[in-house]
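Order as written gives the chain letters A, B, C, D and E; numbering starts at 1 within each chain.
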Amino acid sequence: MAESGQQVACAMQTFERLHPTEFQRRFLAQNTRHDGREFMQFRPVQVVKGAISTAQGSATVRVGNTTVVCGIKAEVCEPDVKRPTEGYLATNVELSPMCSAQFRAGAPSEEAQVASEHVHRLAGQMFDLTSLCIESGRAVWSLAADIVCIKHDGGILDAAVVALVAALEDLRLPKAELDLGTGMVSADRTMATHVGVGKRLFPATFALVDDAYVVADADDSEERMATASLLVVHDDRGRLVNVWKRGGGMLSSETIARCVQRARERMTEIAQTL
Amino acid sequence: MASLILSPAEQDFIIRGVESGLRADGRGSLDRREVSLRTGMISQANGSARCRIGNLGVGTDVLVGVKAEVNTWAPGEPEDVGSVVCNVECSPSAAQEFEGRGAEEINVELTQLLDRIFNGPQSGIDLKKLCIIPKQAYWVLHIDALVLDVKGNIVDTLVWATRAALLSTSLPRVVVETIADEMGNMQAEFDVVDDPEDLTPLEGTERLPISVTFSQIGKRYVVDASEQEEAVAQARITVAVSPAMEICAIQKGGILRGFPPSLLSEILQTAQRIAREELTRFGTHYSQAERQLASQAEEPNTGSTFLVTF
Amino acid sequence: MGRPDKREPGQIRALHCALGQLNRADGSAQFSAGNTSALCGVYGPVDVKVYDEKLDRALVEVKFRPDIGVSATKDRWVESAVRSTFEREVLAHLHPRTLVQINIQLREGDGSVDATVINATTLALVDAGIPLKSMIAAASCVVLADDTTAVDPTQEEVDAARSTHTFAFSSSSSTRPQSGPVYVDSRGDFTMDEYNRCHDLCAMAAERVLAFMRTVVEGKVTKEALISTA
Amino acid sequence: MASNVFDRRRINGPQRSVEPLYTAKAAEPFANGRLDGRALDQVRPIFIKTGPLDAQSPSASAPSGSAYYEQGKIRVSCAIYGPRQGRQSNARMGSFDCDFKYAPFSCSWRLSHIKSSDEKEIALMLEHAIGPAIRLEAYPKASIDAFVTVIESDGKAATIAAAINCISAALADAGIELYDSVAACSMSMYGTQWVSDCSQAEENASTCSLLVSRMPSVDEITYLLQHGKTTPEMTTQAIQACSNDCTRVYAVICRYLQATLE
Amino acid sequence: MTGVKVVLPGDIIDTQQPDGDEQAVIRLGPGLVQASDEVTAVTAGILRSNSETSQWWVVGNKRRYVAAEGEPVVGVVAARHGEGYRVDIGSAHDALLPLLAFEGATKRNKPNLAVGTAVYARVVVANSVMDPEIECFNSHTGKSEGYGELAEGFMFKCSLGLARRLIDTKAPVLAALGKGLPFEVAVGVNGRVWVNAGTVQSTILVANAIRNSEYLDAKQCRQMVKELLEKQ
């Protein structure tokens, strides 16, 4: 019995390898997904804050199999003359060949650049840069938030945003003073304080698979056959921060509204883990 | 870095030869090829040397220049020491595969190796002596090596050339004076004496290490492998030994095989023995040559270069 | 409170378009809304590098150059937005093993850049005779601090806005009402009904843009037709 | 990190940023025993997990083997691709390539995104240390690639050793034919005393460090690196001690790998 | 003028003839595709139809040539291979011109064309999956029928629309020029025109005249040509 069971499993694997699209369709036609989820069901989220001692703030986030680590390094610098009280926050998403063979070693792929840019834009809307001011016009904190993808299995933006939020919440900056004489900034590790995020962001991604089925939080194999993707980001007050629909596939306004509704429910799921 | 491909027959010939203590060019397994050293080749540099290891004028050829620069201290840097910066470039003239980015990997490997041997206390150079004024200014020694030709055993050639270059390095004298400014607190200032005659040789060069590189071929190993021998070598191990017979660095290379520990301890001892002989040879030849140079020094434009061969 | 340039909230800026200005490109269009102006040149179908050759369809490649400064990640972002919008609008399967290259140069950016870029691209593709499923027209609008909305905002308005919204619609969606926008990018701080309000406003604006496109293309086509049938 | 090079493929911070001067002094290592209270010859606790990155369902983009490795604070993650189509199509032997990357936040100082020559050399070291263990002649024309990312490091030599152990676990997970799995360990000299598996703080205080990787059951030293000066006696002693540590690490790895098979 | 219907991509075409019967099988030409149960345009242009054959197609102007079987093209030899030449005909891929696809060509005496030579040829194989193939003779008759190498003369590019109009024997500009001076012309529908009028001056005159005629109707053409000839 077990013998035949294995044969079936093996046959399935071969089928999936040879006809990935057809393989997925079989499931979707049965109103289910290859990993047993419902169409509108998200993958579980795990957040571990402050795991990395070499970073001032860090978080590890798992969404299903997708795993990202966000670490924040803090340095001091002179502020921009136009914005004397604002610090810097540079967010980068690293998609190395380690996390998936679809990425090459070396310069960031377009996907990585777009992800970095989008996360950066969102960060600009949630994080108050003036909270990084040490001495107006003289010295501010410059944060480098690097989001390294360990395993890429779809929904990278969701994971990245959650990781950034968590890492920023974990971020503790030492008490810093500017020596006006030397212009040097001295910091005291023993008296580190939380900066705190302006507002938490709660992302949720939906995909239109095979032009027919709207699924929540698609994994890698589903994303490959997705014809449109929809990112919805709420803040902790339940207001919308970002609605981003890409790809030629058609999502009716009703569908989008439904997704936004579902995203609100997802919000609570994530909020619990944070 | 095995550039040339050998037929199985050739490989077999070399391996069996080495295992029975014979080498294609008639050397014993622990003999070096002819080494020729020239120093003071680059007038603009504070010290320079060219080393070729190989018989009949063909062999691995490395040119090293040492340039000393004064750097101003920046926060975050160590306060009272100078620094050494190594860089190795393999010129495309040495081997066809070095063209374009082909040399990148080996450049990195050799640069790091050189840095490992000569940058730090293990080199004998006292970095504290390279500091001019703590938290203000210090010397940076730029060791730039150019590999002109490759016929096996780059590493030793590189180390020997660098050693000679550092031996011949002399820095301009620096005058440091402390003056009190109006607030009454002491301010140190310095200026570099710009006089080609008024130079002080680099300190600690008598402690500079020398390197011996072994290549494992078959069940045995040889010193100073030739190009052909490197092509069949399974592993390479470089040992740097100081005149005080201390081990200054060990690095294993080669992706094919590892060393049995027994062989390793044997290698370490051999390394010391060879190093002791070679250091003395190196020393004597070098000092002789220097004396010649000194005698020549009176006559003008003899070009300060001299040749040592052994 | 009125708009800086005395426009009605639902009023778009004066549109201007010139087709086929670049005589090296297979098709080109310069599309301007007020001061915001983008020049788009299309090559295609042309030969493609073996490395990224698609056996069953044409590869759609987008290059975007900003008006000032070196190109950076924000420009990659625009590129991917444009590509994702047109990738499935171009009937790529008609020209397998080829490349359709879309080059966009922003002439001047004064608000609603993304929309202008998308419109310019549509016209350039049409001018190049690349087979398209339909025409795509985009429009953007902002929600200002006082909850008033303004279509086709200038940079000044964008900076003052609480949220900005960009929508792109396909011309075939007018015949199939159930199908929604092709591209959406709403960002800032807004509610669902604000979103819907902007959606409807932009839909109307896009209709106007579409009508404009039609007159532009018809003008060009008939001009040629008159001669050929004279 | 005095000046940050502008990289148009990334989000850039300010032109110039520096670490602040931290007033609080770091604790002096070996003032009384080791900072973490370990014995001098004690290796930090090891945690291994193979296959964290493997695909649940067969897909081309997933690695053929992977491993996550912890040793004290050090965390290393590694993915193996291959054997897959190699570069040169007529090679008698397969090729083995490593790519080594520190995550920008993985060290006590901030690293630039651009690969440093340090990382390039470590990649070479890993190739030299692991290469001898792989039956490359069994994979003609193929290439095996290992991608290593350091999530957190604590002591350079120790991190390299951890990377080596991580790769050999991943190779086993990928089902690559090996002569033996490689185990590596590092030591640093403090005064006249060798100390096993040093943390960053301890390494900074030491004058000489040694890295050994070996295949215990074949009894072969696959990699050996000494940085700093000692007497030959000390070196031989250290190599011996390190080899013993390797055997212990090896035991841990093997026990884990066996457990995964049951 | 009436009856001219301009269509844009995405426009749905009503293929119902006012008097036509339901059963009539509709044949779709360039610029039209059938999506689900309706016909839509995919390129911008003028909708044309032939009620007898119930064919429908869109006439639009383009710059990039897409090879179609049976069409005459002017190409430039890009490279020579063992079995034939690679010829650039302005389409996505170079066309293949077999060595034996010339009048009277045999294994022994093959024509020898240098790289850069202009040839007038007909497309024989054109589909999306293969590179196009052209020949310089009629494979049935074995006669060149005017195809072959284009020696001397001058080649220039124009829009595909203009090229198609020039193919038409009663193209006003050519007719007008013909009255004025003797010249030979080879028009490729790939937007390349080759002309040779003996002297350089007149060759250039012809070329310019054709170029100018892009947006001129018959009357204007005659006028324009007249002026050019007078200038000469």
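Here, a contact is a pair of C-beta atoms (placed from the backbone, for glycine too) under 8 Å apart; a residue touches a chain by one contact, two chains touch by 3 or more.
This one's a predicted model, so the numbers in the text were calculated from it and none came from an experiment.
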| message | Counting one step per pair of touching chains, how far is chain D from chain B at the shortest? | response | 1
| remark: Touching both chain A and chain B we find D
| task | Tell me, please, which two chains come out on top when C-beta pairs in contact are counted per chain pair. | result | A-D
| task | Could you say which chain's mean Cα position falls nearest to the mean Cα position of the entire protein shown? | result | A
| note | Computed over C-alpha atoms, the centroid farthest from that of chain E is that of chain B
| Inter-chain centre distance, chain B versus chain E - centres from mean C-alpha coordinates, in Å | 71
| task | Take the average of all CA coordinates in chain B, do the same for chain C, and state the distance between these two points in whole angstrom. | result | 62
| remark: Cα centre of chain C to Cα centre of chain D, whole Å, reads 50
| query | Residues of chain A touching 2+ other chains? | reply | 113, 116-117, 120, 184
| Multi-partner residues of chain E (at least 2 other chains) | none
| note | Where chain B touches two or more other chains at once, the residues are 75
| request: So, with touch as defined above, which chain pairs make the list? | output: A-C, A-D, B-D, C-D, C-E
| said: Under the definition above, what is the set of chain C residues touching chain A in their complex? | reply: 73-74, 76-77, 79-81, 84-89, 173, 178-192, 195-196, 199
| query | In the complex of these two chains, what residues of chain D are touching chain C? | reply | 8-11
| query | Where on chain D is chain B touching in the complex? | reply | 2, 18-19, 21, 96, 117-118, 120-121, 124, 127-128, 131-132, 207-208, 214-215, 218-232, 235-236, 239, 243
| remark: The residues of chain C that touch chain E in their complex are 25-27, 43-48, 91, 94-99, 126-135, 170-172, 175, 213-214, 217-218, 220-230
| note | In their shared complex, chain C is touched by residues of chain E numbered 1, 4, 6, 8-12, 31, 33, 35, 40, 42-46, 59-64, 66, 91-94, 128-129, 161, 164-165, 172, 215-219
